[in-house]
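The following pair of complexes shares a single chain, subunit A, combined with subunit B in the former and subunit C in the latter.
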Partner chain A sequence: MPSPNLTAPLTTLAQALHTGALTAHELTEATLQQIQATQPYEAYLYVNRAPALAWAQQCDATRARGAMTGCLAGLPIALKDNLVTQEMPTTCGSRLLAGYQAPYDATVVTRLRDAGAVLVGKTALDEFAMGSTSQSCATSAPKNPWDAARVPGGSSGGSAIAVATGAAAAALGSDTGGSVRQPAAFCGVVGLKPTYGRLSRFGLVAFASSFDQVGILSRYVADVEPVLLALAGPDPCDTTTHAAPVFSPSPSFPLHLADCRIGVLPEAWLQGVEPELQQTLERTREELAAHGATCVPVTLPPPREALTAYQALSAVEAMSNLARYDGLRYGCAKALTQPFDARVSQTRAEFGNEAKCRLLWGSFLLTDPAGHELLCRARAVWRQVHDAYRTLLAEVTLVLLPVTPSVAFPRLDTPPDTLANADLFTVGASLAGLPAISVPRGLNAQGLPLAVQLVGRTFDEATLLRVAQHVEQPCHWSERSAAELL
Partner chain B sequence: MAHTPPTRAALEQLLARNRLGIDPTELETLAQTFNRWLADAAALPNARGDAPATCPLPVADRPDLPCQPNSRSTYLAAAPLTFRDWFAVQRR
Partner chain C sequence: MTAAVVIGLEIHVQLATRSKLFCKCPTALTTTPNSQLCPICAGHPGTLPRLNTEAIRLGIRAALALEARVAPVSSWDRKHYFYPDLPKGYQITQHHTPLACGGQIPVWSAHGLVHVPLTEMHLEEDAGKSAHGVDPEDRLTGIDLNRCGVPLLEIVTAPTLHSAKDASAAAQNLHTLLCALGITTGHMQAGQMRMDANVSCPTGVTPAAPRVEIKNLNSFRFLEAAIDAECRRQAQVQQAGGAIHAETRGYDPRQNVTFAMRDKESLPDYRYLPEPDLPALVVTPEMLSRARDTLPPLPHQVGQHYQRTWNLPFAQARSISVAPDLEHYLAAALPQTNAPQLLVNLALNEVARLANGRPWNRLPLGPAHLVALVELIHVGRLSHTSAKALLPCLIEGGEEPELLAAERGLLQQLDAQTLDKLVAQVLATEAAAVARYHLGKLEVFGFLVGQVMKLSGGRAEPRTVQAALCQRLTRRT
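Up next, the complex of A and B:
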């Protein structure tokens, strides 16, 4: 039996499993070998080898009996290490949670299992999902598979690397201010942040609860659909999930681009975007127009204000959410004999500097009178951005904008401004709770992935994915020469 | 209200209050990031407004649930209390 093509579309792999051309065990074994082969990129924090193979065998046995299998049966899927699992440890990339084993599975994990997916491991992330580079992970230094001297983006960097390199057929991440879309753009894969409330957050370790959302990373736009269908729907354990009609699969949803109005932002709004990414955006607009879409000039509140507001609001929520890491409820219990204050200090010393900085900023905003005034301003901007997107999306079907101002930047000696602007164009959809997708658009002259972002209407992931399919230009990492690999 | 960056001593005090120990050599980097965020926030328009609701759609169809966390402003208002109360309870 020839080794399976691990970079084939999810639907092709599913078809091969269905016809018997490939077994789940073969696919899982090949994926585990690919995880090993791509280990230098440090995508995974934990590999679930034995249970994954056992689950794959079970899928094969079910299929051999002719019994019903789930829509993702036998497909190897990776999880960001801030989704809790009973079977695997959950560390959130932090020393503070080293060896933590959750007593339950996140709802999205349960739903993946119900659909038959093989969970191959947990992927690297910025500590507690706070960051845009994945370099604040305490136990790993993930590298961009297109250029190992560059960041893979973050915080779902490990999931993006795993999908790009064929070390998973698809992966779950979490997107608070762009943590799925930005690494997807840097690694040349598709990254969907669904509408806030579309997927359950139960079992997703909280960073900023008002914006946290589980996201999906895959190599092709069409691969997002089966995963989204398997995960979507209300969950009694998360009151913010909604019983909106579940996303319709493609055959029943024809979309003519001639019916679409695409919002395009002016050059002034895109100030600071690298010229080649501006050109990518322009080419995308031209292609959509050539397919019959109507492109209309629109505007939104300045992205700088949205980013600043997001930084304040997310820090404040992180301050509250991370209070549970006190060495008593969560965190290492090294000093149980010490007084409570000493124990808390000792536990919280394990936070990395990125997390400490955000907690400090959140604390200042909540406790200092000057900080409180700034927080009020941030809330006003939040409302302004939220309302502006809603008003705009009553007029247009979706908005076309960049994912990031630059392509993947170097891991070392990155200018502070580049780091600070990484989420400049992704936080808008997060503040508005809207679905947004990062779509690959080929490679630049240096061989680094280019991408564009589409933001759609509430709970209208269907239209977003249809339009994304028209503009995607997949990046084929496996076609790189051996000399380029680590 | 003026938004002058906190002094190094004030930052150290804030760190101590939150039981966030930091390597003294890292304090300078932390202060730079903190001050950049402060400057950015101070440049926001001086306006006030309620935060939007957490859920894009109302969740009134879930009367079986004990709480409906669909108000972001309520959540944010409660957040600092959660943290402060925790320590207050522990000190008693």
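Up next, the complex of A and C:
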């Protein structure tokens, strides 16, 4: 049996499964081997070996019977470890949830299964999805597959590594302020954060509920669509989900770029972006224009204001959402024989530093009068950014932005500024609740992935994906030799 | 010099929904701890609340009945504190914009109708229960999360009550009203209505007295006793030259005293935060008009109607007002009778006793038969005693009262001749009494009637006896 090309497009793999050129069992077995082979990058926190193989066999049997199979039947898909599953543990990369086995499945997990996907494992993340390096994971230190000395980005770092290295055909992540888009950019894959309300959050362990959204990571833009279609749709368990159809009923395809107006931001707004990423942005703009799109100079509230507001808003919600981890009912429990207060404080001492900082910041903002003033200002900026994007997107079809100010940075001794600015250009779409995608744009001279971001109209992922397809320049990780990598 | 005490109430009422406020778990009473739980109400990671619309309907119904202004858009907010029986670390409540503002509790008594103003009412989820003493050494605390997520309506009165009795009356009237409208089942022992009382005793010097909150009173008797106990304590402290400070206290019914729980100053900061997982609660004009259309008359309105229309005493009107099945029964019976008071007396005393808790609409003795029975008494064909003797049979049988009375030979029918003989006989044997009557002692007349009745064995009809006696006595003169 020839080993399947694991970094082929998901759509190609699906076709091979469909024609019988490849069985789900072969693909799953090969993916599990790849997970093993790429283990040094520490993408996975848990590998679902036996159940995945059993499920794959079932897919093959269903197909052999000629029965209907789902649109993702037999495709190996990875889950960020903040999506709850009954079959696998869910830790959120935290000691607080060590050994936690959820009593239910997240809605997106159920929908992946219904579509026939083979769930191969749970991927590494920053603790409770708070971070942009994946290094705050309590049990693993994920590495960038293009340069192991660099971060894979975060918080969905594990999912990005898995997809880049062919250790999954696609993966789910979660994006609160850039947690899908930024690691996608750093690892050279596609990362879509859909519109807030597009995908169910039921079973996504909450960090900042107003911005949390399940995201999709894949190697090619075209691979996003089948996954999005399988997951989208209203969920009675999540009252913030929306019934808007994924693809507008009007048959507007193929999309004519000539009909598109692309919003382009001025240089001053892009201050702090590394020159090579500025050039990437510029070249993308030129390509779009060459395809006939109209590029329109636009502006938005300063990204730094948006970032500061996002940090405050997400911290207060994190403080609230993480209040339930008191060690009484599940997960880690310390000081079992102590009175309640001691028990809670000793259990919660197990949070990592990143989480503790945010929890303290959130508490300060809600209790201290000065904090409260800051929070009020943050809420005003939230409204401002939200409204600015909506107004802008009445004029243009989408906005072209950088994903990050820099390419993947070193894992050790990262300058605090670099860390602080990681979400600078991604939080805008989060505050506005808009769909945004990180699109690979090849590699730089050092062999590190470059990327651009497109932000689209609310519930118009369709246009976003069509335009993204025009500008994607996939990064082919498999073309690099293993020796070169690690 | 001490001015009147000022009391405000915060009343938590469990709404009569079948499932919890944010999940599908049942709210039914059970004795098995932690048997009515799901990942949502147990606060598992990743879960989201899902609003129970029945709770909203009941909340709006209560607001309209209490004449409060329902907010077109109200908020959901998280109230944070760490406690073993609060699994999410926060309670979902309506802090920033409550469901409704204003309104009043109609308090109806023998003295008439007064209104206790309300400040607001809002929906929230209940917490679980902590049980102490689950082990012999009393070192463990048991946690029962069954009650977690059960829908509550918190109703807050303005601080305008001035005595424990008034406070208790307001709470009882609210209880009556909400039970009558099916908003709560109002089971006090099960904690379906719990009250907090804010008590302050302003003095002449400091009109803005510190507010002492007495928590978790689950009966009207305790509410009244606790407020009285707290007033006594505050008076004692002030007499001794001490100062009252704002605090939260509990009530110990065994010793009939309040005790310190925690200072208001050390109250936890609840860090209220808008609930991001739920859209704002929108109450449309359609929802309001639907609720208004299905709102029956309130208990005090029913009671006052009975007071006015049938001239009934307060106590009876009140009993009728709180029992819709009885009210329905009487509404059918009363317009048909010539003796409404007699009918109500019979219904509330004899029939109610024999019904023994059975609802009125299921009694075989229908309103028409009760009316017929009362008519027999009224016209004097059946004595009260005989009617009572028939009731146990009537209430079960559904028989025609007159037929049954005839069958048993209880109908008061005597021919004129026999009656005349009996009257003559009595006048002869009671000559002394007759003499006294003629001397002007008219009260003797009643005695003579009684003697004739006795002689007839209860079969004589009192009015005919009276007439016959009268005739004979006058003829003699």
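Quick note on the criterion: the second predicted complex is superposed on the first by the 474 of 486 C-alpha atoms of A that agree within 3 Å, B and C clash if a C-alpha of one lies under 4 Å from a C-alpha of the other, contacts with A are read in each partner's own complex, and residues count from 1 in each chain.
We adopt the following convention: a contact is a pair of C-beta atoms (placed from the backbone, for glycine too) under 8 Å apart; a residue touches a chain by one contact, two chains touch by 3 or more.
For clarity, every value in this text was computed on a predicted model and none was experimentally measured.
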TODO: Based on the superposed arrangement, let me know which partner A:A312 touches: subunit B (first), subunit C (second), both, or neither?
DONE: first
Open item on the list: A:Y104 in the overlay: touching subunit B, subunit C, both, or neither? Say first, second, both or neither.
Closed with: second
Open item on the list: On the A-aligned overlay, A:N444 touches which partner chain: subunit B = first, subunit C = second, or both, or neither?
Closed with: neither
Open item on the list: Just checking: does A:V205 make contact with subunit B only, subunit C only, both, or neither of them? Give me first, second, both or neither.
Closed with: second
TODO: Tell me which partner A:T195 touches in the superposition: subunit B (first), subunit C (second), both or neither.
DONE: first
Open item on the list: In the overlaid three-chain picture, which partner chain does A:V381 touch, first (subunit B) or second (subunit C), both, or neither?
Closed with: first
- [ ] Answer with first, second, both or neither: which of subunit B and subunit C does A:K356 touch in the superposed model?
- [x] first
Open item on the list: One more residue to check, A:V344. First (subunit B), second (subunit C), both or neither?
Closed with: both
Task: Dominant toucher of subunit A (residue count), subunit B or subunit C - done: B
Open item on the list: Under the stated touch criterion, which partner chain does A:T458 make contact with: subunit B (first), subunit C (second), both, or neither?
Closed with: first
Open item on the list: Under the contact rule defined above, give the subunit A residues that sit at the interface with subunit B and also at the interface with subunit C.
Closed with: 209-210, 236, 239-240, 316-317, 319-320, 323, 326, 340-341, 344, 363, 366-367
Task: List of subunit A residues in touch with subunit C within their complex - done: 82-84, 90, 92, 97, 100, 102-104, 106, 201-206, 208-210, 236-240, 316-317, 319-320, 322-326, 328-330, 340-341, 344, 363, 366-367
- [ ] In the complex, go through subunit C and note every residue touching subunit A.
- [x] 39, 42-51, 78, 80, 82-84, 87-90, 141, 143, 269, 271-273, 276-279
Open item on the list: If we count contacts the way the header does, which residues on subunit A are in touch with subunit B in the complex?
Closed with: 195-197, 209-210, 236, 239-240, 242-244, 304-305, 307-309, 311-313, 315-317, 319-320, 323, 326, 340-341, 344-345, 348-349, 351, 353, 356-357, 359-361, 363-364, 366-367, 369-370, 373-384, 386-387, 416, 420, 433-434, 458-459
Open item on the list: List the residues on subunit B that touch subunit A in their complex, please.
Closed with: 1-3, 6, 11, 14-15, 17-22, 26, 29-30, 32-34, 36-38, 40-52, 54-57, 59, 61-62, 65, 67-70, 72-73, 75-76, 78-80, 82-83, 86, 90
